[in-house]
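Sharing a structure below in C-alpha cells format, with a few things to ask.
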C-alpha cells in the first residue's frame, strides 16, 4: 500500500506545479500509532508529506463542501462514492475536482489490535501492507492485517473508486460478501430485545457529535440537534434524547451513507452506530435497488420515486 | 453566599411598546421580595439576566438608573425564543432577574468631566440609565457638559420618546436627536446619520469622555469622527454584546481573548479593545 | 504528614470497603474497551491497574448534565414560574485512584469556578466534599506530556493522599489533614520499610524520564497575544478539524457549559450540560451574528484559551496538564503537542 | 388499565384525508375520539421529526394519511413521501423505538368518509392492543 504514498506525492506535485489544482487533499503521517491526519497541500513541497496506508479511514470527501478553487483529492472507494453524493447534491462542482482514485486495500481497526495486547501500550505501528508490526516498551508483535480490518472494510463491496481522473494503482478484486448478517440478527429479535440492544449500544454516548461531524453526508447549515424554534430534543445525555439523536442522524443519511465507517472510527467511546445506518442501506437496496453514490447520474432514493414503489408501510 | 444562578423572582408591573414596529417593549419589573431589591444594587452600564421559567435566560442592559427606586426596567428587542415569549407576557406575570452583572461605565473617571453620549437604535438602554443618573439633582453637579447624540432609522423607532422630549426642554443637557429619514412634516429635530450629526455638532473633546453604543456600522463610522474631534482611545467607551449563559464569567462562551464580556465587560474603552482579538 | 504502607491484598477490598462504609467512593472501573470513573458499587470493581480513563473524572465535580433548578408552570400554582434549587447530594466522597494530572487539572478549574466574588455553588460544594486519593503513574502513556505542563507522574498538587504502587503493596503519602482523617476509618497500614522507601525516589525519576518533553508553555506566555492570535499557523492547524466536541469533552480542564430549559407538561427544570467551543452554536448571537463563525476561529480559541489566555488571565501555567486524552481521542489526529510547539516558537516552520 | 384510552396523533393532508375527516363528521360516521388531528398541506410535509416529537410528547400512536398516490394536490408530494414512510416505519421498528401497531399510514381521498372512519377504528384498536406507550416518552431528564 506504501506504493500509493509515492504515487499521491508524485501526482500532487505534478498537479500543483502545473497549476492544474490549487490544493490537494490527502493524509500526512500522524503523531500517534494508527493515526494519519487529513492534510491540505498547497505547494509541491508540502506534497512531500502525503502518505497512504491502512490508517486513512477518515472520509476525505467530508472536507469538500464549500471549498473554492480547484481541488485534487485522494479517494478510496467509499470516499469516491461520497464525492458522487456531493456532486448529486450540488455541494461541489465536478470541474473543480481532480480525483486521485485509490483502489482500497481496507483500513486497520486499531481497537481490535489493542484488544489483543492486553493493555500494553503501542509506541509504534508500521503498516507493511499485508501485516502491521507494532512495538511497545518491551514487546514487538506482527499482525495479519486481514484479521484486524475495520468492520465496514471487511464487508466492503466497492473498494475501487467509482469516479476518478487518475487511478493510482491496479483495481483490486471486489468482494462478494453478505453485508447484512448482523442486521438480520437484529431484525429477528423481539421489539423489546431490539430496544434494549440499541439502548445498550448508545449508552456510552457523550453527545460530542464526532459521528455527525466526521460524516461527509452531514453538512446541513443548521443541524436538527441545534434547531431551537422548535427545539426537537434536549442536549443532555438523557437516554430518550440520545436515542432521538442517533435515530435522526442515521435517518438523515438514509440512501446517502456509503458505509465509509468514519462515524465509528471517530467515536471516542466506541459506539457501533453503523448498526443504525446499515439497516437503512439494506432497506434502500431491497426496496429501490439503490446503492449510495455508485452510479453518477442516479438521483438519491429519497429525492426521486417510481410510480410502482412498494408500500409496505400501509395499514 | 447566594447562588449566583438563582434568579430573584419579579412581577411584571407594566409593559410599554416603545416603537412603531412593535419590536421593542419596555418591561417594568418589581421584586417580589423587597430584600432582593436591596441585593440588586447596580450602577449604570451594568446588565442583568432576565429569566423566564421554561424558556431560558437572556442578558439585557439595565435601562433604569439606581436613582429610580422601587422597580427596574428593561427594553427588550424581539429576536429569539425567550424574547418572543417575553413580548407575549403581560403585567402581573412572574419571571426572574439575575444580577446585576458585569462592570459599569467608569463613573469615578467620568466625575468632573464632560460626557458625550452617542447612541443608535435600541442600544440606548444603558445610555438612558446613564443620562437619568447624571441629571439626577444629587449627581448633576458632578459632571460637566452633557451632550447626547441619539439616532434611529425613523422617528417611530426612537426609544423613550416622552423622556427625550423632556430632556430636550432642559438646559443642563444638550440633546441632538436625529433620524436617518423622516416622512413626518412636523419633525423638528435633526435628519442624518449619527456619525454626520456628531461631526456637525462637534462636542468638544476637551476634558471629555465619549460613551458610544449602537449597531456595529454606526460605531465603525463614528469612531473616526471622535478621533478627529480629538478623543483619545482611552476616553472612548463602548459596551459590547455577546452570547451569554451564566453571566458570571464561568460558562466560558463570551470571551474576547482573556476577557469575559459578562464579567470583565461589557464596558471597554477603545484602548482596551485595541489590545484584544477582534472576535466580537 | 507521613508515609504509610499497605499490602495490596489488604487494600482491595479491605481499605476500599471501609472507605465505602463512610464515603461515596468514585474509582476507576473497566467498562468495555475503556476504563471510566464511576461510583463504586463494590470494592472488587475498582481496577487500579489502569492506564488512565478515556474520559477525565471531571464528571464527578462537573457532571455532563445536571439539574440546576426546578419550577412549576401549573396555572393554579402561586409559586409557578419561580425557580427552586434542585436537591443534590453533597455528602462526603472519595475519589480513589485519580491520576496526578487530573487532580492538578481540577486545581486549575478551581480558578474558574471559585473566585473571590463569585462561587459556582455546585462545583464548590462537590470539591469541598471530596478527598482526593491519587495514584502515581509508573507507566505513562506515549501521549502523556504532564512533565512539560508543570505536573508530573508523581505530582501531589490537588491531592490529599498519593498512592505509589510498589508491586506488592502501596505506599500512601498523606498530604493533608483531610487525607489523614479519611484514612482513619481504614486499617491494615504499617510503616514503610527502609528498602521500599529507598526505591521511591528512583521510581519517581524513572517515571518522569519515560515522559518525552514537548513544548514550553512559558515561551507561549511570553509571546504577544495578538501576534499569536494573528499567526499564520492556525490555517494549517485547523484544516483537519471536523469541529466535533471530542477534545473538549474528554479534557479535564474544559469546563464550558450550556444552560437549557426542559419542560414536562406543567413542570420544568433548568439544566446545565457540557458545551464546547468547537460548536458554532456556542457563540451564535440571537441576531444571527457569530463572532466565531469560522472553524479556524473556533480551533484557535481552544488552543489559545488553554495555552495562552489562561496563562495571561491567571498569571499561571497553562490550562493543560498534559494528560494526552485529546491527542488519543481526536478522530483526525490534531495533536496539542504539535500545536503548542508551533505556538511556542515564532518561526517554527512546521510539524512532523 | 381498563379505562385507559390511547392518545393518537393523526397527521392528515389538507386536500384529501382532512377532507375525509370532515366528511366523516358531517356524515355522522362514528369513529373513536382518541384521534387528535394535525393538518398538513401534504403528506410530503411529514418530517420524521414530527413523528418522533409526537411520540416523545407521549402519543401512544401516530397515524399519517394523505391523498392516493397519483392524486396529490401537488402532483407528486406523496410519491416522495411514501419512500420516507417505508424507511421510517421499518427503522422505527428495527430500533425498537416503536412496537408494531403504533404507527399507521393510509391513503384516503376526501370522498372516502367511510374509509376514514374505518381506518380510525383500526388505528385505535391496534394502538389499544399495543398498550400505553412507555419507552420513547421524554420525561424528566435522567441527569445528576
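A, B, C and D label the chains in the order they appear, each numbered from 1.
Please note the rule applied: a contact is a pair of C-beta atoms (placed from the backbone, for glycine too) under 8 Å apart; a residue touches a chain by one contact, two chains touch by 3 or more.
Remember, predicted model here, so these are calculated numbers, not experimental data.
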{"item": "Innermost chain, where centres are averages of C-alpha coordinates", "value": "C"}
{"item": "Chain pair, C-D or A-B, that carries the greater number of C-beta contacts", "value": "C-D"}
{"item": "Where chain C and chain D are represented by their mean Cα positions, the distance between them in whole Å", "value": "48"}
{"item": "Distance from chain D to chain B - Cα centre to Cα centre, in angstrom", "value": "50"}
{"item": "Chain centre separation (chain A, chain C; CA means) in Å", "value": "31"}
{"item": "In chain B, residues with contacts to at least two other chains", "value": "80"}
{"item": "Residues of chain D whose C-beta touches two or more other chains", "value": "138-139, 141, 143"}
{"item": "In chain A, residues with contacts to at least two other chains", "value": "234, 236-238"}
{"item": "Chain pairs that touch, as defined at the top of this document", "value": "A-B, A-C, A-D, B-C, C-D"}
{"item": "Residue numbers on chain A that touch chain C, as the complex places them", "value": "28-33, 35-40, 49, 58, 62-63, 111, 114-115, 119, 121-123, 137, 204, 206-210, 212-214, 226, 234-238, 262, 265-266, 268-270"}
{"item": "Residue ranges of chain B in contact with chain A within the complex", "value": "80-81"}
{"item": "Chain C residues touching chain A - in the complex, by the definition given at the top", "value": "31-34, 49, 51, 54-55, 64-65, 139, 141-143, 236, 239-240, 242-246, 248-250, 258, 260, 262, 271, 273-274, 276, 279-281, 327-329, 331-335, 337-338, 351-352"}
{"item": "Residues of chain B that touch chain C when the two form their complex", "value": "1, 3-7, 9, 32, 51-58, 79-80, 83, 93-96, 241-243, 245-246, 248-258, 263, 275-277, 279-280"}
{"item": "Contact set on chain A toward chain D in their complex", "value": "186-187, 189, 191-198, 224, 230, 232-234, 236-241, 243-244, 247-248, 250-251, 254-255, 276, 279-280, 283-284, 287-288, 301-305, 307, 309-315"}
